[in-house]
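In what follows, chain A forms one complex with chain B and a second complex with chain C.
After this line comes the complex of A and B, so read on.
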């Protein structure tokens, strides 16, 4: 009933003149993101130019992406969705879409085509991993190391993380099985294309945990993206995994003695979802914003502020220099050919199926 | 205070082991910082035992020896840790020089009554050490935050420049960040708008409830009291989740008024408890006397009862204010991003971006709290003096 009403309203507004359309758009918008440098890049690249075009619009930011799934569930149960647009990683988008908490979008009508006329669906290509997901960036989870604490031969391979003899000292790893299990298997001699097949079996999971066991005493477990940069800056860890944009900030902006270990970096996607069941006026505003904020130029602009790769093919050639430092951003992108010599593609379907099971085993192993 | 007890020099078997034990304790910290706690304990104990003997047996000139010890430790500290090490070392040396002679000459005994047994003397000093240790334990985390907030870098780290006391290692950039960032200023505005109104509501309702519940003819007053103070006892996260669903249904979730109401509910128990406590000492015949002289209940309340229970109301109000100003769980549920308060901003800031701006804000808040408490205490003393309650 309600959706029919909204559909009817949307249809009727679509028929009316553009002037009437503007009147039916809400002027307040709550955007949810991750805080920190990443959110700042979104403010600068998307929100500020949008508000210049629409001075009557007020944007409020909520740094709740970390618990977006739980909060959206609660909002839905309470019948009171206060968010208009939510930034989530791809796997969360898939979950929200499956639960009906996110709205399905049609790339060809809801998203702008590339300047050369390529349709949005082709421009985003394989990155449209869910019907609800509007990709923004490609990021990677990779390692950084202290250049002054690793001796004369800095680590070059992912397996150096597991080599306590060559690189003694603490390592920072994320407190969850994702990525850690894959890296452990890679360094236990499993071929790259067989990792997920092995990890699907109980023996494979044991194997991965056994490999992690060899360094368990030297691991500091992190749960927030800001932890590893802090630990590296402190010299508390020799090397640690985190998002490549965080490491970029540590190395280039904060000038800490840290370097990147791009080997076996794991690619992942981050993007928007629109919560299901928004009232028509808010939905109209949010669609207008999304159309603008995910066009080719805006995605390329974001790369001026943070070293994450734009999700559109057509944005890549437009990536320029850092907004403050004036350095070329392309060599700092995870997708740059020099950095992407050995990459690992995160398997969404595998983790959607096995996450609960492996999570339980991993937590039990941690507590041992 | 004049000496109470004649003093005499103490035997070697007393002061050398005690000084050595103190040296072992200090050695534990130095040793841990240098890599081996156990080695530090042994070295500290041995060093201090030898020095104590040297001070008292070899050269018996107290003044010279105390200067010499301070200088020795200062130099040692400089070798181990540069300028900050020298400052610490100098302080250690001064303390140990004083401590050794304090024990050796028996001065520790001078100001205590002569009839105390050895055990009582020991307890006298042990008690002071324990109290001091508790204060250090409570205050150190707050003190550590303060120098870090002047960090010129973007991390929670004492950089080598800071440890050298190099001015380049310090800056006010995080304070500048706080005063110029829209996010922080909006959060400050929200906190300042929410807390006083929530306090006002808590104080009004809490005082009324306490007065009502203290009159004996109210039925079920224990039950009502239990319900009213339940927000203090029920885990906050449960209250918060309950409020979230309830306020969502009635359209208060994510509104300014909703957050104010939620914080008022949290503050009311504090006011009820403090006001009930002051009402215990309140003489009910005063209200009857006022009524007898023709005052209506409202006049009686404001002219007779209120001034007498004011201390309870004010301290309850202070608690309610601090509850609202510090609260993060309920506001995360009941508020929306538009009501982001300072604790909320600090919470997300700590998780997403470990920035010393949070420390700068914490330092400012600590400063404000100290000022507030000092002012309240000064006002209290002044009113006591005016009322002739204090002998001063």
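After this line comes the complex of A and C, so read on.
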């Protein structure tokens, strides 16, 4: 009699336990992202299926990733963090982690293992560039050019950007030193594996600026990722750098006469961070969501909507066709072997150190 | 206010007896009239104050306080002395001109500070702060933070525990650190212990149950060597003090040199020392193209000077924009003021319409108009005025900024001008003409002087708005048409150097106030009318 009662009790607590856990999770979640096509891909690939599984959960999107670091710092100082999960580029994630504004995660307990059992830490591999960073996508900053404005020999090498004789006309470059300095040195004869050693010296910085000086009068400097696609579509520039996903939509979705120049594309990462100091119920909810949203299938699903490479090794074979256009997405990924013959990886450590210094020089040079 | 104050002493003095000849005039209730008047006035003023109190509080809380807080950041620099309290004190006696890295005691103190900082994840924050002043500090702190927990200081732990295994027990430390005699014998350990306990409290850990870290054994050893444990009541301390002389030691200076050779660079220590005070002029120096270095205040290298040029450009372009607004706005306002009301109201809508349109839309529209493949260039090429090969460059430069901002700010000029011109009697002009003035003389000598207050008001509005403008220069300014506010925005949202952003903002604020003061001196602020 007594044992029966205990067994019943145990069974009922076993039933109750998951319910109690669900109750401990907040039902509202504020996700921060970049807006536009990228955010839409996240909504479709992560949030909609998650809400199908948990109909009581309400997801609010905030398009503030652009200024996430500053806003998180302000929220932290005010002691009222209203965001639950923030999409940032890796360099910002490193800074947020450095400032203690993002929570450290343990990939093996906080992230799902790959279907074949590979641990999350191995599946993401080197892309876990910070203790707080949960990678989602690999994107690249690369050049696109107007096929109708470059004559019969379209550019194939990064140094064609610096060749005003063969390709006259304006170029669009980002209004910051990162990437531009590397490309300039590369085209000034510096070997690829020595670029950062050279760039660390004042002479190397001068050298890079001197190379940029040769095209300075033909450059339109952009600060928003949407600028270059617009400038290309208007025919304002012959070629310009921007994120590969933006160029994809200009070429494939808007069918503009634009082509990709993948040479010396710079890989960068984008992913989630969880703000530090969330209350327990919100943290439980966001951890549950992250576990789901960064699993192998979800990351592969995202590639259906936008041409950014999934950050997990195990997701790559699952990348299929574009959700609306039905074209194969793999050849449009920056990580596709045909596109990735000559690539750069954003050097986070270098730029964390040299950003302030080189930026001051770069801005002074720009203003001259 | 002066009335309020003057009631004080009078109220305190006893009123003279009523009806006495030569006494003050009395009110109906027998109090002196002056006093009861004052009281009534005070009540009125209080009521007025209460009426505006919500707005006053609102402005104080949401406007003045944030601005004051932000301005305060331009000098605030507590992060260094709060993160490295021990180091800052010892470093004080080190001479940054010595050309050598500091001696052992600085590294002993720094070891403790850095260990506690990395436990609390504060070292990387300090690293980014110091990286604004010296390149490389960010990774130096991040890298050393990872290494500091693995220093060879565990030999002190091992040797002390070998001497008496009870050292391993955290509870004995709690008891020892509660004893004032022991604390006096081990001052460095006591200070470190207090910080350690404070940190554990934030983590919710019990110091009596948490493993004693190597860092505490290190400070214990250093204290034993320094004070010989004299005055301690714990017998273990006296025992250890005797044995400590024969301990195997480890140089923390070498440990740090091993972790990163940059710790042997006197410039690194010079920077820490130069920025160790709680308040620093460093940000302000940076914002006028100077810098605070270990060797005093220096001008920045020429290839990094940017802010003075941006300040000058901002003021110059704001003046140009203000002037173009006057030139374009004056005739418009004049026409509006002299048309019949119905037509004037209709035209007024045309002035106000862009005012109600989103700023971004208007700015982007100028992009479409001005760019090389834009409407204006296309038209000029079609008309054959401009050759297709060299289309005009009208955007992403100063010209683009001036055109777009003049258009955006024009209503701020037209509206005050219009309302002032409406009050000018047309009869004055007619009178002037009937007295023989030409059209020009009548306008210049009679009409124009009366419209000056409107120009003044419009100019102040337009100038102050444009000096702090940010989004339009960002979009159409390219590299030569951007303002100082674009750099402020960069430092606030991108580089996170809020101190520098605050200093630049403070200078901008001061410049505006100075110009306002000069304007008041020259033109007189009484001559400004908004309507």
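As a convention for this text, the second predicted complex is superposed on the first by the 352 of 368 C-alpha atoms of A that agree within 3 Å, B and C clash if a C-alpha of one lies under 4 Å from a C-alpha of the other, contacts with A are read in each partner's own complex, and residues count from 1 in each chain.
One rule holds for everything that comes next: a residue touches a chain if its C-beta (ideal position, glycine included) is under 8 Å from a C-beta of that chain, and two chains touch if they have at least 3 such contacts.
As the structure is a computational prediction, the values presented were derived from the model and not from experiment.
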Joint occupancy of chain A by chain B and chain C, clash or fit: clash
Chain B versus chain C as contact partner of A:291, first or second or both or neither: neither
Contacts of A:234 with chain B and chain C, given as first, second, both or neither: both
Which superposed partner A:57 touches (first chain B, second chain C, both, neither): neither
Partner chain(s) touched by A:36 [first = chain B, second = chain C, both, neither]: first
First, second, both or neither for A:70, with chain B first and chain C second: second
Which of chain B and chain C A:252 touches, first, second, both or neither: neither
Location of chain C clashes with chain B - one stretch out of 385-393, 457-465 or 511-519: 385-393
Set of chain A residues, in rising order, touched by both chain B and chain C: 66, 234
Residues of chain A touching chain C in the complex: 66-67, 69-70, 73, 95, 97-100, 170, 175, 206, 220-221, 223, 234-236, 349, 352-357, 359-361, 363-367
Of chain B, residues touching chain A in the complex: 153-157, 183, 244-245, 248-249, 253-254, 336-338, 340, 348-349, 351-354
Contacting residues of chain C [partner chain A, same complex]: 120-122, 124-125, 127-128, 131-132, 135-139, 142, 300, 303-306, 309-310, 371-374, 396, 474, 478-480, 482, 487, 492-497
Footprint of chain B on chain A - complex, ascending: 30, 32, 34-37, 60-64, 66, 74-75, 77-80, 82, 224-227, 229-230, 233-234, 254
